[in-house]
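Labels A, B, C and D are assigned to the chains in the order they are written; within every chain, residues are numbered from 1.
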Amino acid sequence: MTATITTALPTVNARIYPRGGLDVLSRDEVARLRDASTGMHDLLRRCALAVLTSGSTSDDPRAAQELYPHFDIQVTQQDRGVRIDLDNAPAMAFVDGEIIRGVAELLFAVVRDLAYTAMELAPGGSQDLESSAGITDAVFGLLRNARILHPTDPNLVVCWGGHSISRDEYVYTKQVGYELGLRGLDICTGCGPGAMKGPMKGATIAHAKQRRNRTRYIGITEPGIIAAESPNPIVNHLVIMPDIEKRLEAFIRLGHGIIVFPGGVGTAEEILYLLGILLREENAHLPFPLVFTGPTASAPYFEQIDKFLRLTLGEAATSRYEIIIGDPDAVAKRMASGIRKVREHRIAQKDSFYFNWSVDIPLEFQRPFAPTHEAMAALDLHHGRKPHELAADLRRAFSGIVAGNVKEDGMRRIEAHGPFEIHGDHDMMQSLDALLRAFVAQRRMKIAGEYKPCYRVVA
Amino acid sequence: MTATITTALPTVNARIYPRGGLDVLSRDEVARLRDASTGMHDLLRRCALAVLTSGSTSDDPRAAQELYPHFDIQVTQQDRGVRIDLDNAPAMAFVDGEIIRGVAELLFAVVRDLAYTAMELAPGGSQDLESSAGITDAVFGLLRNARILHPTDPNLVVCWGGHSISRDEYVYTKQVGYELGLRGLDICTGCGPGAMKGPMKGATIAHAKQRRNRTRYIGITEPGIIAAESPNPIVNHLVIMPDIEKRLEAFIRLGHGIIVFPGGVGTAEEILYLLGILLREENAHLPFPLVFTGPTASAPYFEQIDKFLRLTLGEAATSRYEIIIGDPDAVAKRMASGIRKVREHRIAQKDSFYFNWSVDIPLEFQRPFAPTHEAMAALDLHHGRKPHELAADLRRAFSGIVAGNVKEDGMRRIEAHGPFEIHGDHDMMQSLDALLRAFVAQRRMKIAGEYKPCYRVVA
Amino acid sequence: MTATITTALPTVNARIYPRGGLDVLSRDEVARLRDASTGMHDLLRRCALAVLTSGSTSDDPRAAQELYPHFDIQVTQQDRGVRIDLDNAPAMAFVDGEIIRGVAELLFAVVRDLAYTAMELAPGGSQDLESSAGITDAVFGLLRNARILHPTDPNLVVCWGGHSISRDEYVYTKQVGYELGLRGLDICTGCGPGAMKGPMKGATIAHAKQRRNRTRYIGITEPGIIAAESPNPIVNHLVIMPDIEKRLEAFIRLGHGIIVFPGGVGTAEEILYLLGILLREENAHLPFPLVFTGPTASAPYFEQIDKFLRLTLGEAATSRYEIIIGDPDAVAKRMASGIRKVREHRIAQKDSFYFNWSVDIPLEFQRPFAPTHEAMAALDLHHGRKPHELAADLRRAFSGIVAGNVKEDGMRRIEAHGPFEIHGDHDMMQSLDALLRAFVAQRRMKIAGEYKPCYRVVA
Amino acid sequence: MTATITTALPTVNARIYPRGGLDVLSRDEVARLRDASTGMHDLLRRCALAVLTSGSTSDDPRAAQELYPHFDIQVTQQDRGVRIDLDNAPAMAFVDGEIIRGVAELLFAVVRDLAYTAMELAPGGSQDLESSAGITDAVFGLLRNARILHPTDPNLVVCWGGHSISRDEYVYTKQVGYELGLRGLDICTGCGPGAMKGPMKGATIAHAKQRRNRTRYIGITEPGIIAAESPNPIVNHLVIMPDIEKRLEAFIRLGHGIIVFPGGVGTAEEILYLLGILLREENAHLPFPLVFTGPTASAPYFEQIDKFLRLTLGEAATSRYEIIIGDPDAVAKRMASGIRKVREHRIAQKDSFYFNWSVDIPLEFQRPFAPTHEAMAALDLHHGRKPHELAADLRRAFSGIVAGNVKEDGMRRIEAHGPFEIHGDHDMMQSLDALLRAFVAQRRMKIAGEYKPCYRVVA
């Protein structure tokens, strides 16, 4: 007989009155918000806990749930607005009984975005989520409601990369962030640890040295991963998009340039999503600075990625990205000059600075992909397809593998039905396999026990 | 044969890019805004011209139209947002070819509010305009969209009174505004000249002396009168409500206290609207500072008003207002202390500071009143009715008389069908008649030629 | 037997703790400040009263003294700083027992500048007041201590003109101020009523319309006239220079351009001081926009001034000024373009934006002139002298006449010894006489009873 | 034969125009500043280099000098102000050819403070540096000139401790800084690495989370140690005091509470200086929160310090400090509550918030101590003396040992004349010796080669 002894962690009960957008509501809106928050209580509870433990050292999603089993959150109505009641909330979010202001802001963001999704983007609601334009409008609406859209000069660099990277790589992401910050650039990431935290940390020091005050460290997440990748403590703008695809679209329409650090399957998914879009003829004219970078020791990683992309999407794909190894200064310079071109292009095209309306994202990239065995088997990974179509399917393949590896739903499916079958040309499948095994070898994927692939390649 | 010789006034053509709320729009919203602006082109043109001639000495509504006959405005679409094209616009709104920033802001407010009304408050739209709560929501929505609602401490004094007042009275309104401003109070008026400008002017000097920076001079108007009462140059927040009734509701839900200066029929309408609401049992507990004030010479004016109110609404009505003659300091002190009580009451009731949800305004006060001969004849002005019901009908009587006197529609009806017949008890009708004749004698009504009453009293 | 009945005006006792420069003092400085304030108690009392009655309608210097006979001010020491005690101070400077913030700031300015003069510019002190460079340094030091010097873009227009001008002229000064304000220009005047107030008032409205927040309305005065020309309520930066000559130098080194409105003897003195300096060979290259302007009805006034200047200083003098009649827009445009040239010149010369080091002001213009009979008789007003030397003596002649007319010392001298004798060429003397008689006829000089010239021309 | 191969580090030449206090100077001041900077060229060059390499990983003072042998700085005059010319300056202070704004500010601080010392505090100048009050005035004057004195609420915590501390201790200083920052407290340190950097770093994260914008990270140094303890990159206010004693006085008059982390001889000197002052009868009533703290592993360190203080200064000394081990939260709470008491005391005593005038610092603590062999031998370290007198001599003993160990002058004296002789009671001397040997054992002193004490105890 074994007993699990958990040290009871200190908790706090608190009532909080939201500000900044949640503070000027009509009575009707308040009632709808309260009702919506009831309907999504579990989701709200999980996201709130992620935010309230932001900055804790552990990055095990379930840890927070287990450490604070009695935590609860209620959104209640008052004539003058809403109130958030927290029960048994982590004491680390408070100081002398008062919630830390930045944590409170992230908490309001959670309520704001989940409520917006529940109230404005519900299936069967007024928003058309079946057309490409309708989905883009939904992304726009949620970002505007989150007050992320400002008509200021383009300066937002999106940084992608793994949450589980080597110390060497982490230090490098900080250095790149520092060089970006020195040049007045703001940072947007997936808002978790690792490559999502390092650039923000480096930029913080640089912004302080440059005496910049109104800095933006934007974290964009979605309900499926916020618990696993709790916002790091530097994030000062948090957005929770409804699903993976809208999150990816948000990155691309918000960012003025993108840097990719070493990462795992998720990062590969992001690269394929982006290249699939940029390789479309409709986007051929569009400036979009894209740099793959890491410390010298990571050079082989990018060589392998590069090889995989050439093999699958063709040599043309390489025109869309640049690989810079071990040179943070060069990366930042490249971004700064690339963003200057983006700025000129937006002015010439009369496109807005704050939202990239011009980039063409077709419906096939926007529609949520549910990785069932059927859907995975239906992927068509053969040479001869148009690069962007192939990229879309490759993106789905990686997305499915992520789910099979770490998402609850996906794992259950694999247990029930065995590994996914993926069909494709022999060389492509081999290359895919090699890439994934390398990720495992480099510990870029969180695997408990021995690694058993959740897929089977069928050439 | 006669010839009208008009001195050609200097004009300017310009393209303007809106800011502050009109600058972060989706492509769909831009298209709808452009379409809406086409549908309401005449209205837009008239309101825009009023704003572009803001601060001109003339206050003849038609003057602006005649002086700038070739003026035109178009809202056009651009990928990145909307653009406003002005043709033959009054040069007085520009300096060295650039539009004056404050004028541009008022212009954006016109586009913003007319578009909001056209797009969100259209009959048959999603907003329920048949219920009391629905109308209040519409008022709230428009004000929030106009960024008028801030969760700051209560400090907004609404000032009502005539646009055509004596020099003596005008100076007095400035003195009251000065005393209000010294106490950190902001001003909201109907945004025209006379008693709507004086308090703002006085407050401006006082705010400057108190080194207050973020001051609010809110002007609330509606399409029917903006041309006649063009925003004075001090207004820095302009709101255009869709009709008289919503404008009156906006005053009452926004203001933390109300001061009434001498005025004409319009002011009488406002007093009756307000008292009709405050005398309801539902509002009996509600603190609402209300002061009637003017210089010593205006004492008889308020005596007559007071007498009329006692006669019609009963002695109880006097508990809701206070008359202070010739003492700006006392008026401001009374407002400041009254607003402190409002603040405490809002906190106790958990009502918001920025919008008075608690005050009960029934549907009969919210429904637009169209002053036809039938409607006027149907008014029931007899003793024995509940004060607030009688007040509602008296309010309509004054509203109808305003229309019959100066509004285009109303004047045409009178020409066609003769004067309105108003039914009521003899003493009440006599008192009404005396009041209106006094307004004429005191030149509080703009009458061209000899005054011919547009109504006939039927006891 | 007559009795003067004075209505007792309401007064207030108050303790005030200074801010902004007077709030971070060493214990030693506090002690010296207290001692200095004791030594100059009368002066301090007089200046403080002028400030506390700022904005009152009366502009009779002695009125304030008579209306508040029991007013007193003491600067006392506290460990943590200084405290200002006011006894029987005018209630108009307070609201609900608290001093109006802007008035308090002017009061601190009085203490600050008088203390600086007493402590830093005392005769025999460390500051060299005998050399030209030393005096300029004293002017600089006092202005810097008053926090008037900011390294921002040149935009300061000095406006000179009479405190006693016609309604028509006053309205015109407001219009010019309005046009200057629309163009983002700040205003500096002698800080009294009339032409010193109008431009500030007009600029206030324009700055509000242009949404400019950090505006500067600088008033520069000196102890001899502050009582007579109490700061108008718009002044938000007040400086008290030690004497007339340093005040004039402050205007010229601070201002980026100067506008002269109609005025009396004082204005004539200012014109001659300025032209005397600009006509020096050393300053020939210096851009310095200078416009004489007034409404159409004031054209003859400037014709006469122009004629007098041509006669005395020669035709060359006219190259330094421009006369614009009845065109506020043109005046403002001229200033704006002139100041752009000043900006370029400062950059080219590496001179500062906030203080005109380059303009050469010789000692003869800096040394205080005491208008004794001997000094007046010694003036040398003959053709053939260098224009700038003649201008210096003419300036002194006008300065002496101002003193003889209205300053206490000067009036006593005239009573004791009869009118000043002024020697000069016949035509020059005649022209001078004509000018002065015109000032009297136009009521530009405050004269009690019949005008008796305080001077006698000796050709 | 050996060859030193130095990698040539990248350098930049630049011209910089100072701001913030150095930008509004009179021509005379500019000339004096240029002359002063010439007179102190070596000192200026050394301090400037320390600032330009701020944040570099190395903390060897001579490293910077050797790495940038051709670096030079000149302050030159321009009509409009001063210009700083940098030759062969470290490229790390620049980004794309432009100096990093924060580094530029530190550079201006160097020029500003060295110039102030040279011009205002020169021996034989106007400042009385022989009296206690005169020295305090000098400290005040320099701090005010550095714009460090603000009349805001007390919130400045001084953190002392070693530059060479264990990783464990460093992390702890960050945690304490984080807890201080959460409570809105600002940080002041000696501005180098280790315990001088950790608290600032922790506070930075906390301030960001609390959304505090105007934070102060004050570094106070002196010419003798700035090169060895180059400002860490977080310092945003740098002050260079003329000597050790004025630096110590600045800490005590500026700070509202003091935290001592583990450190070496320098920290011991600081503790004795502070206790010597606080133990004076004159300061008995003065609240002054003082906490010694470190992680659990550092408990023995503070036990030894505590024992030494009890032995030398008596049990009474312990009433002035509190030892808290391994509890950052408790430390911050203790500081916050202690500072609230300081605030109340200042208000009650009418002492200023920004400068502790009340604390009595006698001349013996203010006079620079030159550690010659004679001076060291004259120290009187015997029981029976008044605690504060003994503390003063103990402080000097430690100061002399620091000099003998690491300062150029001191080391040369030791080489020439052998170790200092220190006289004192046997137990005290033994305890002193034990303390110093412990510092060596714990690597708290930078010693090259085997440790040879620079002193000899003579009981």
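By our rule, a contact is a pair of C-beta atoms (placed from the backbone, for glycine too) under 8 Å apart; a residue touches a chain by one contact, two chains touch by 3 or more.
On a predicted model such as this, the values are computed, not experimentally measured, just so you know.
Following the contact convention of this document, no chain is adjacent to both chain B and chain C.
In this assembly, the C-alpha centroid of chain A lies 64 Å from the C-alpha centroid of chain C.
Chain geometry summary: the mean Cα position of chain C and that of chain D are 49 Å apart. Separating the CA-averaged centres of chain A and chain D is a span of 45 Å.
Counting partners per residue, chain B has no residue that reaches two or more other chains.
Pairwise chain contacts present here: A-B, A-D, B-C, C-D [touch as defined]. Residues 55, 95-96, 100-103, 105, 179, 182-183, 204-205, 208-211, 213, 233-234, 236, 333, 336 of chain D are the ones touching chain A in the complex.
Chain A makes touch with chain B in their complex at residues 19, 23-24, 26-28, 78-81, 126, 133, 137, 140-141, 144, 149-151, 346, 349-354, 357-358.
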